[in-house]
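You will see two complexes here that share chain A, one where it goes with chain B and one where it goes with chain C.
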Partner chain A sequence: MNTQAITPNAKPELVCPAGTPAALRAAVDSGADAVYCGLANETNARNFAGLNFTPDLLEQGIAYARGRGTKVLLAVNSFATAPRTQLWFDAVDTAARLGVDAVIVADIGVASYAAEHHPQLRLHLSVQAGASSPEAIRYYCSEFNVKRVVLPRILTVTEIAAIHREIPCEIEAFVFGNIGMMSEGRCSLTNYVTGTSTNMDGVCSPANAVHYMDLPDGSKTAGLGDFEIDCFAAGEHAGYPTICKGRYLSPVRKEPYYAFEEPVSLNLSSLLPDLIAAGVTALKIEGRQRSRSYVQAVVSAYRRAVDDIAAGRWHDLSGLVALTEGGKETQGAFQTKKWR
Partner chain B sequence: MTTELTMGPLLFHWPAETKRDFWFRVADEAPVETVYLGEAVCSKREPFFNPHIEEVSERLTRAGKRVVWSSLAQVVTAIDRRASTGIAEFETADIEANDASLLPLLHRKPHRIGQYLNVYNEATITHLASNGAYHFSLQPELPAETISRLTEAAEAAGATTEVQVFGRVTLALSARCYHARAHGRTKDNCLFVCENDADGMELQTRSHHKFLAINGIQTLSHRYLELSAEIPALVAMGVAALRLSPHSLDMTAVARAYRQLLDGRISADETFARLAELGMPQPVMNGFFHRKPGYLHVGAQPELS
Partner chain C sequence: MAEENLKGLMLPVVIGKLLAPLPLFPLQFILSRMVRGIAQRRPEFFARLGSHIDSSYAIDVTELPFVLLLKPNPRNPELTAHRRPDKVASDASIAGPFMELFKVLDGRGDSDAMFFSGNLKVSGNTEAAVCLRYALDDLEGSVIEDLLHMGGPALMPAHLLLQRLRRLEMQA
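Then we have the complex of A and B:
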């Protein structure tokens, strides 16, 4: 059990996305305490063209970050899939060889490999593991010596505080960025539509399956594979066709509706003090697919906010709304159970 | 080794008596060896069926079926935790763990791993087998080659595998109840609107293409999985059990068709024709097995006269 007292003003670690070497430098320069990256293959959950690191680039990134006191975490957080399992093991070996500060894992097989072959390597449990109960988290801690859990984005702050009291490891929570509606690590919607899998290939709504079509009345449809995910009126911002943010028809609704969630971004800036009090010691910003300038803006703003809270000053992150998806933000599951 | 047929868990929120009668009929008439009872989707539904669970499991056991308790696929709330950990308290129960929450409670006890717990590689099989798992019901999104490798790994660990061959496929889980959302409600005040849809609530795209089906917190394929043409390959790989996921059509007749196929008495085409006659919605899907978009059907769909 976690016996340490919750000190409201303990300064949490700010964990920031680095999809490219440029974003890594931007995050480090903007005040990230840690950055997280992935290798350029299926071993991580943001396996997109033009993103991620070769081992050489990762080595350079580590040198840059270390020189400025920033930690580097490697996400090996998709699910090693037979017969390609070795690719994930190789990623863990690379992480150990380059001396990253921790590897973020989701798969039991990958965690088991890392714990056995690299017992010194620090393990974080990825949000993709979907460990939402103390029992599940304790299992990963006792079996693989996991030191930190990244909690699924489906818990309220009150529930996080309750979990904190029952687990022996640190808690990292998402505070800003894209919010997927489905439980992490348990969604094969993309594979259903496109034939590439989020868990097996690290891909959600891949760009090569996306298509937009202009209709005669000025509206525009956004499709993924063979399915229309949404249709936007003339002048309406045409969003990216992510299946869980589309509008569909249901027998019980007259109009097309967001059956799962609207295209909004998570922004927990106003809940930061509550999260810290609940026992969250690391705050995660989503967005390895985002640009260098985006990373710079969000990380700088959160850096100030965390420093302000730690110093007992008022913090204001209202300027971040402009960076959220479609200019809309949400506190998702964190504020109230009514979200469910 | 003969390949088993299994039935369940029943994913939908049918009225308790309907559910009871369904399992009674399975006990009396369906040629399946193993049944999965238990509520895998929503802990709020569980109390409705509790009054019947003893008589149902007794009747199934008397009929020679092996009864397995399938656990909740996602454990978030205190009620979920009680529902999940509660089943582990039955010392003699055969339990299928659908979430990692149960793993510490089942440590070193023989148990099964359900299709909601992510098993994609040999090392995961080996690890879970060392914790006591002896049977793995595999994820529906796995392609043939992965199923084959995992079945080999399971055999090496003294365990067996199971693959779903019929019914809508689970594509996603969420903490949010989409059934409640469709009705302008939330999970806490849902009034059990999921009871209205015996096979899930259908979602269509805006251009009226059938797409998905909603079942509470669960998102399913609109299409039914139907793997009769792939069953010879699954059997050849050594997959020990084939799962039929219950729907409102005559599942006893569905089980009979697959049994006859396994016994070599009817062909895959004849099986398909039988299922179609029983009201199985078409077209069906088998894409995942062939590493294609899951909703697709690969290969010729039999011509129905």
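Then we have the complex of A and C:
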């Protein structure tokens, strides 16, 4: 492992999730350089009932974070569809009025609105935009003055380094948390089953379509809409049912199997020095839907790891496996394209 | 350590057995005061529930001889106890061991992790349950401490019990 100290200006920003004001304060207090949040509506990709911020709560959160030197980013990263586009434009206006440090956008129309009406507002390109080539990223930079791209989780570290050399903006990479389908911003599985779109309504597996059933033998089924997504044996860790991580029956297999993805969490702790060397400016932790104790634990651990790397010290994040989905972790495509 | 773990597991059972023969009427009065007090002290909890202030939640603490029913409408919040095995109609039901639910209300529990590990069971309207989880998770500090402070010096023994439960929970 590379344990050489990095220069202070190369120390990456730690970008952390906040689904509630309490989680925001937990992230800030645990050492986040920036927190990202969403408004309580369809304008962001974690639109769950009971989650997110009203403009007033966001304003209070910004004040708390600013007072402690932490930036606040607002995710407006679902896709604005006619005739509802005003909701997304209002979210951008709110972000500008409250003075967030950046807005994370995915939709070209929303990016265009922000660039035209709020040219001073810093724009980050969401992972939901699925921009994974230098050409696509340069387009967003030149047309909308995007300052940072959040790369889809389909690239190896080597590919990230190559992209870094060809684009004029910063790179943000996910380092921990849920790892979704290899078609970010283009997945319609939940739409097929529930009629609610991840990309346009901001919610994958809406909770009102989720149902669990405990069976007499101690096992548990998890369903979404009319479909049974998984069945967990007694004592087996159960997950929130998303179609992409369900276990399915197939006539050509003896046992149910994960047809799309396995319920594992991304954990790039051992690749952090390589990511930094590849030119990654910001390290992103996923999990706005997770609890504040999760946020506190993950952010604290990554804060120590980034500081250790910056100082040339060895870092250990092995304890985080307890917070991963199903107790399993992966380096995903960052290590190899053949990760499944 | 093993002895302390056993005490941690047994104490809620003992509390449950002590409560079993008691009439529910005085408990209903205490529960009603508790939920109204929380509505006054923690209005943000009810705001985060959104439309689910009109949902009802059965809270089934495994060791207790009754099931709690929460109706969190801030205009008229209700928390009532119902004898087992009476059927309690609710929109969502959350069931689990005393110590797990204690940790959640004491501001130190990760209800996500508890559910995924099977320690908490959720049935009925999942959205209502998830919404309640977010509302609880957004409450900083201990709801239990809030309740005890509302009771004043008369609840000093309960403060001691709280400290004892925390020690047992941390050792478990």
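Here is the rule we use: the second predicted complex is superposed on the first by the 321 of 340 C-alpha atoms of A that agree within 3 Å, B and C clash if a C-alpha of one lies under 4 Å from a C-alpha of the other, contacts with A are read in each partner's own complex, and residues count from 1 in each chain.
As a working rule, a contact is a pair of C-beta atoms (placed from the backbone, for glycine too) under 8 Å apart; a residue touches a chain by one contact, two chains touch by 3 or more.
Being a predicted model, the structure only gives us computed values, none of them experimental.
Looking at the overlay, what does A:95 touch: chain B (first), chain C (second), both, or neither?
neither
According to the stated criteria, A:191 is in contact with first (chain B), second (chain C), both, or neither; which is it?
first
Which chain, chain B or chain C, ends up touching more residues of chain A in the combined arrangement?
B
Touching A:264 in the superposition: chain B (first), chain C (second), both, neither?
In the superposed model, A:264 contacts neither chain B nor chain C.
Considering only touches as defined above, state whether A:32 meets chain B (first), chain C (second), both or neither.
Touch partners of A:32: none, neither chain B nor chain C.
Who does A:109 touch here: chain B (first), chain C (second), both, or neither?
After superposing on A, A:109 lies in contact with chain B but is clear of chain C.
Quick one: is A:235 in contact with chain B, with chain C, with both, or with neither? Answer first, second, both or neither.
second
Counting contacts the way the document defines them, which residues of chain A are shared by the two interfaces, the one with chain B and the one with chain C?
After superposing on chain A, no chain A residue contacts both chain B and chain C.
Okay, in this complex, where on chain C does chain A touch?
It is residues 48-52, 108-113, 115-118, 121-123, 125-127, 129-135, 137-140 of chain C that touch chain A.
Which residues, counting only chain A, touch chain B once they are in their complex?
79-83, 85, 88, 106-110, 112-113, 129-133, 135-136, 138-140, 142-143, 152, 154-155, 159, 181-183, 185-189, 191-195, 197, 199-200, 221, 225-231, 244, 246-253, 256-257, 259-261, 333, 337-340
What residues of chain A sit close enough to touch chain C in their complex?
Against chain C, chain A makes touches at 19-23, 25, 48-51, 206-208, 210-214, 220, 232, 234-240, 290-294, 323, 326.
Using the touch definition up top, name the residues of chain B that touch chain A in the complex.
Residues in contact with chain A: 73-77, 80-81, 84-85, 99-105, 116, 118-128, 131, 139-141, 145-146, 149-150, 153, 169, 171-178, 180-183, 186-188, 201-209, 211-212, 214, 219, 221, 287-288, 291-296.
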